[in-house]
Amino acid sequence: MSVSQQTGGPNTTPSDDEPDLILQTDAHKPAKRIPVHEWIRRKLAWIGRLVRRQARFFLVVLGAGWGVIFESFRSHAWRRTVRYEFVTTMNNIIGGGVSASLFAGMLTGVAAVSQVIYWLGLTGLAKMTGSILVNVVIREIAPILVGILLLGRNGMLSATELGLLTIGGQVRSMQSVGMDPFLMLVLPRTLAFTVAGFTLGILFSMSSLITGYVMSRISGVITNPIWTFLDDVAAAMSVTDYAVIPLKFIMVGFVVGLGGCLTGLTATNEDSLRTLLPRGFSRGMLIVMMVSVLFSLDL
Amino acid sequence: METYSAGPLLELNKAVPSFEDSGLPPVPFNMKLMPGECMIVEARDPSRATMFADLCSGMVELESGQVSFMGLDWANLQDRELNALRGRIGRITRRASWAEFMPTHLGIILQQLHHTTRTLDDLVAEAVRRSESFGLPGVPTVSPSLLSDTDLTRVSCVRAFMGQPHLLLLEDPLEGGPPELYTSFLSSITEARDRGAGVIWLVRSNAVWQSYRQGITSTWRLADDGLVAVRMA
Amino acid sequence: MASEEIIDPTVQHDASVRRVLLHLVLPFVVTVMAVLAIALVGINSYRTTKEGVSTLTHQLMGAVQQYIVQQVTDYILPAATGNLIASGMIEHAPAQVEDKVFYSYGSTMLRKIPQLQSFYLADDEGHFMLIARAAQKGVQEHVRLIEKDGHTYFHHAFWDDNGQKISETEEDAKGYDPRTRDWYKNTAGTDKVTWTKPHLFPTTSQFVMTSSLRFKTDAGHTMVFATNISLNELSSYLDQIKVGKTGSAMIVDSRGLFIAGKNLTQQAKAAGWDPDKMVLDRNAYPVFALGYDHYRVRGVGPRHVTWDGTDYITIAAALPHYSDSWILLMAAPESDFGSFARQSSHQSLQFLAIITVFSLVLAGLLVRQVRRTESSTRLLVKQKEQIQRESSAVQQVAVAPRLFDPTVEPLSLTEQLTLVTGARRATLWRFLHDGAAMVCEDAYDQTQNTHSGGFEMARTELGPFFSAIEEGNAFSVENAAVDPRTTRFERLTMRELGTKALAICPVHGPHGVEGAIMLEDPHLQPHLLYFLDLMAGVVALRFAAQAQLLNTQTGKIVDAGEQVATLDVPAPKSDNMLMKAPEASAVNSASIYPSVAVLVITFSDPVVEGEKETEALIELINQLAADVQSVAQEEKLFAVEVAGHRMICMAGCLPTPDVTAIVRVADAALKMREIFMASLAAADLEPVFTMGIDYGPAFGGAVGNEPKVFNLWGQTVSLAELMAQGAADPGTIQVTERVYGVLRDRYLFRSRGSFFAPHLGLGRAYTLAARR
C-alpha cells in the first residue's frame, strides 16, 4: 500500500529558484532519446496508474464483497468472536435505527400522499395512492433513505472505528496473533448491515404505507378499510417487485457496511478523522446511489 | 498442549526483511529458538523491536530467506493455517493493541475465543487466575482506555500468557512497569518454558533481565547491522 | 490445546480439498454431464420421432382421405352426372322418343353401374316412368304410369338383358302422383342436382337416395330426371376400405345423420327404418362421435382425439359439390401408423436408461477405485511415517546423553516408547531385593507430559503378576482388569489413569529377569516388538550399571553411619529445642557450616471446637512431639527447633562437611511422615503438615546472653521453609534441586517442574517419595 503511494514521490520537480544542473541535464538528455515504444509505454503506464487509482476502491469492494459471501458459507468462519461481532453490530444498528427509520418512513409517507392528493385528487385517481406509494416510495425512495440512514448512523461509525484501529496499529496487532481483521470485523459487520438493511427497509416501508393510508383516510380520499388498501398495494406490485425490493434493501445494507468497513481498513498513516470521514461519506453515498440506479436501470 | 519437539521452534534462516516494509536492516537474520529456550533480544528502538517481533510472526515481507515457526515456513501457508499458527503466539507489544469498542476482559480472551473451542468458563477462570497472579484484583471489565498505564501493562501480560502459547514474543513490559510485576512475569515465563514454549524477550537495556540471567539461553542485540549474538558475561 | 484449536495449522487442507475435487467431484460431475447429454439426446430423438410419426400419420391419413373421397365421388358421380347426361339427352329428344331414350339410357346404366338402383322420369303433367332392376337377376323392370278410365295404373314390363320382354303386369297406382314426391318437389326453383334423404327402397329392400334434376324440354314441359343410388353399396364399400390397420370411415350429413358406413342396415333397423332418426350413435361409434364433435367446433381437417386411453386420429372431410352437406369421417388409432416409430423411441428410452445406470455404476466403481488407491497411499505414507518415527526414536534414545549412566533418569526411553507405540503411559520397573518387590524407575504419562516414579510393589501383593513377568516372555493383556495375572496391578496403578490394555516386556539381565517395560493402552503392531526388545536391552544395561553403583554406595554410607554412631552424645537440655545433640550444647559461638541439612515441617491449624477436642489435640501434639524426639535421636540429628507451627530439624552443623547429614535428615523425614500420617489418621484428622528439605551452607551458632540459644539461618533454611510452604499436597516432602542431586541414587523423587522463586531465581522442585 505504502509502495503505491510513494510512486508519485520521485517525480516531483525540484524547487524552481535553484535549478539543479545535474537534474536538468538528466531531465533533458534522455528526453530527446526516448524511443517511441518507451514513450508509449510510459503513457500507458500513466493511464493505467490513473485508472487503477480511481478504480481501486471499487475493485476492493468487489473483491471483498465476494470474499464476504464466500467466507460466510464456510463453517470455520463463524467462530464465537465473529458471531459476537455480528450480533453486537446488528443489535446496534437495528436497535438504534428502528425509531429513525419509522419516523423517516412516516415523513415520507405523509409527503408522498399529500403530493398524490394534490396532483391526482381532483381527477379521482387518488385511489391509486397505494400503487404510487409502492412505485415511488418503496421501490425508489426507501432504499436510498434507508441507505443514507444506515450510512450516517452506523456506516460512518464503522469507518471511523476501523480507521482509527488501522491508523493506531491495533489491526496489525490483531493480525500478529492470527486474528484476521477481515474475518473478525469486515465479515460480521457487513452481514449485520445486510440483515439490518433488510429489516429497517421493511419497517420503513410498512411505516410509510400505514402513514399514507391514515393520511388518505383522514383527508377523505380513501374510504376503504386498510385491508383493501393493502390489497391494492399488493396488486400494484409486480412479481419482480417482490424480489427486487428486498434485494435492494439487502444490497444497500451490504454495500454500506462493506464500504464503511473497507474505508476504515484501507486507511493509511497519512489519514486522520479529517480525511477519513468525508471520504467514507462520499463513498457511501456514491455506492448507495449506484445500487439504487443499477436496479432501476435493470427494471 | 503437546510439546513441539521436532526441531527448532522458531528459525530465521538467512531471512532478509524488506526495508520498506519494516525498517529493519536488510541483512540476513539467522537465529534458532528451541522449545523451552528463553532468548533476550536487546533493541534500543522500541519500534524496531516491534518489527522484529512482526518478523518472527511472519508479518514482514522477506526479500529472501525464510522464517519458519514450528517447522512451517510462514510464506508457504494459506491464510487460514497462517492465522491459526499465529494463534499459537502470545505477544506483548508496545503497539496499541486494545480495541476501544471491546471491553478489556473480552480483549484478554479474544485470541483464545477466536482460535480454540475452549469453553468460556474455562477461559474466564484462566483469565481470573492470571489476572490475580499479575497483581490485579480480578479481570478488568471496563474499556481499556479507562485503565491506568500500569494496569494496561498487567492485562497485556495476562493476555500474552493466556492459553498455552508455543511462542512468547514479549516486548519488555517491565521497564517502566510496576516493580511487583517482576515476580509474576518471570514465574509466568518459567512456567511457559517448562511446558516447552519458546520465549523471545525484547528488552531495551540490560538491566532488566540481570536477575534472571541464569535462565537465559542466549542474548542477541538488534542493531543496524542486524541480529548479533552477544556473549553472555 | 491442539485438540481445542479450531484449525490445525499443521494440516494442510488445500491438498485434500483438491484431492476430493479431483477424485470425487470431477468423475461425478463428468458422469452426471455424460448422463445428462445422453438423456438430452435421447429425449430429443424421442420427441423428433414422435413429431415425425404424427406428421407421417397425418399425411397418410390425408392420402387415405383423398383416396376415399375420390372413391366416394366416383361412387356417387354416376348418379349426379348421369342425371345431367340423361336430362340433356331427353331435353332435346322428340317427345315420342323420350321414353325410348329414357329406357335405353336407364337399362344401359343399370347394367353397367351396380350402385345405381333405378331411374325416374316425370313431367309437370304427372307422367311418370321408372326403370329399375327386378328381383330376378339380369331382368329389368320398366314401369310407366298410365291412365285408364280416369284411373291410374302402373304398367310393369320385365325385360331381359337381350332386350326381350319377358312379362307384363298392371297394378293400381292408387292415385300416385310423381309431382308430390320429395325427389320432384325439391328440384323446384333450381337447375342443380338435388338429393333426397335416404329412404328404404321397397323393391330391393335397400337404402337409397335419390338425386334429381329438373329441366325443360324443347316442347316446353318441365321434366324431372331422378336417379336412385344405393347406400348399401356405398356402405359395404366403406366397410371394405381399411384406414390404417383397424380404422374405418363413414359418411354423415351436416346434422349428424348417418348416411353410409359400417352396419348401415342394423343402424336403420335400430332407427326403425326412419332416416331422420339415424343419428350418429355415441355408444356404437364413440370415436366417430368425437371426431364429429371436433368437426362441428373446428371445421374440417385432421384431429387428435383420445378415447379410453388410446390416441386416435380423426379426419373430417367435406365431400364435393354435388352433396354440400355430406361429411366423410375417418378414424384410426394413431398406433396403426406410428407403432414402429413409437417402438423405436421406446427402445431408445430404454437404451438411455440402461446407459445411465451403467455409467453411474462405472462412476461409482471409479470413485471406489480412486478412494481405495487413496487410502492405500495414505496407508503407505502412514507406514513410512511410522518407520521414520521408529528410527528417529531409536536415534533419540541413542543420542540421549549418558544413557547408561544410572544416575541420570531414563526420561528419553519412556518418552520414545510412548511416542512409537502410542501408549498412554510407559513405565520401567526394576526388581528389588532379589525379586521381593519392584520399583518404578520412571513412568511417563503421554497425555500430561509428566514423568513420575518411585512407586513400589511387593511380591506379596502381586504374586501372579511377578511370576508372569519372571517367565521372561513378553505378553500383552487386552483388559487388564479381568486377567488373573494383572487384576491387582490394574487396581493399584492403572485404574487412576483409566487405562485398560497392558503390554509387558520383561528385561533380561545377567541373573534372569531384572525388571519390565510396561505400556498402557499401546497400539502395538507386531513389527514393533523388535523396538520393544531393543529398548528392553537398553534398560537391562542400565539396570546392570545401577546395581553396580548401588552396591558401592551402600557400602560407603553404611561406613559413614557407623562413624557418626561412634560419637558419644549427652542428653539434650530443654529450651526451644525439642531435641538437641550434645555437640549442639557445646557450641557457643556463631559460624558458618558448609553442609547443613534442614528439614522444615509446617503444620496448619486444625479446626477445634469444644474443650474435649482441644484436650485431645494437645495430647496428640504432645505425642507427635515425643515421636519427633525419638526419631531425631534415632537419626542422630543435630537439633530440632520448635517455633509455633514450625519444626526445624537440622543435621550436619559441623565446621567440616558432613555427607551423612542429608541422608539422616531424609530418613528422619520419611519416618516422621509415616508416624504423623498414622497418628493423624488415628485421630481422624487430615494430614495437615508439609515438609521441606534443603541442603547447603548455613549460618548457625549460639546467640544472645546466657543461656545462649542456638539458632540456624541462611538461604538453606529459608529454602527449606519455602519448600515446606509450597509443597504440592499435604503430607508430602518437597526438596530442592540440591537435595535431589545428592540423594537421587538412594531415594525416589518425583519431579514437580521448574519454579521461579523471588530472590532465588529459577529452580526445580522434587517430591521425596520413598527410599529405594
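Letters A, B and C mark the chains as written, and numbering starts fresh at 1 in each.
Methods note: a residue touches a chain if its C-beta (ideal position, glycine included) is under 8 Å from a C-beta of that chain, and two chains touch if they have at least 3 such contacts.
Just so it is clear, the model here is predicted, and its values are computed rather than measured.
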Open item on the list: Testing understanding: with touching defined as stated, what is the shape of the graph linking the protein chains, line, ring, star, complete or other?
Closed with: complete
Open item on the list: Taking each chain's centre as the mean of its C-alpha atoms, which one lies nearest the mean of all protein C-alpha atoms here?
Closed with: C
Task: A-C compared against B-C, more contacting pairs - done: B-C
Open item on the list: Which chain has its C-alpha centroid farthest away from the centroid of chain C?
Closed with: B
TODO: For chain A and chain B, let me know how many angstrom lie between their CA-based centres, rounded off.
DONE: 39
Task: Distance from the mean Cα position of chain C to that of chain A, given in whole angstrom - done: 43
Open item on the list: Using Cα averages as centroids, what's the distance between chain B and chain C in whole Å?
Closed with: 46
- [ ] Could you check chain A for residues that touch two or more other chains and list them?
- [x] 76, 79
Open item on the list: At least two partner chains per residue is the criterion; list those residues in chain C.
Closed with: 6-7
TODO: Check each residue of chain B and list the ones that touch at least two other chains.
DONE: 80, 82-85, 87-88, 115
- [ ] Spell out the part of chain C that touches chain A in their complex, as residue ranges.
- [x] 6-7
Task: Of chain C, residues touching chain B in the complex - done: 1-2, 4-14, 449, 753-756, 758, 761-762
Task: Contacting residues of chain A [partner chain C, same complex] - done: 76, 79
- [ ] Report the residues of chain A in contact with chain B in the complex, numbered from low to high.
- [x] 2-3, 76, 79-81, 84, 161, 164-165, 168-170, 172-180, 183-184
Open item on the list: Residue numbers of chain B touching chain A in their complex, please.
Closed with: 20, 53-54, 57, 59, 79-80, 82-91, 93, 95-101, 106, 110-111, 113-115
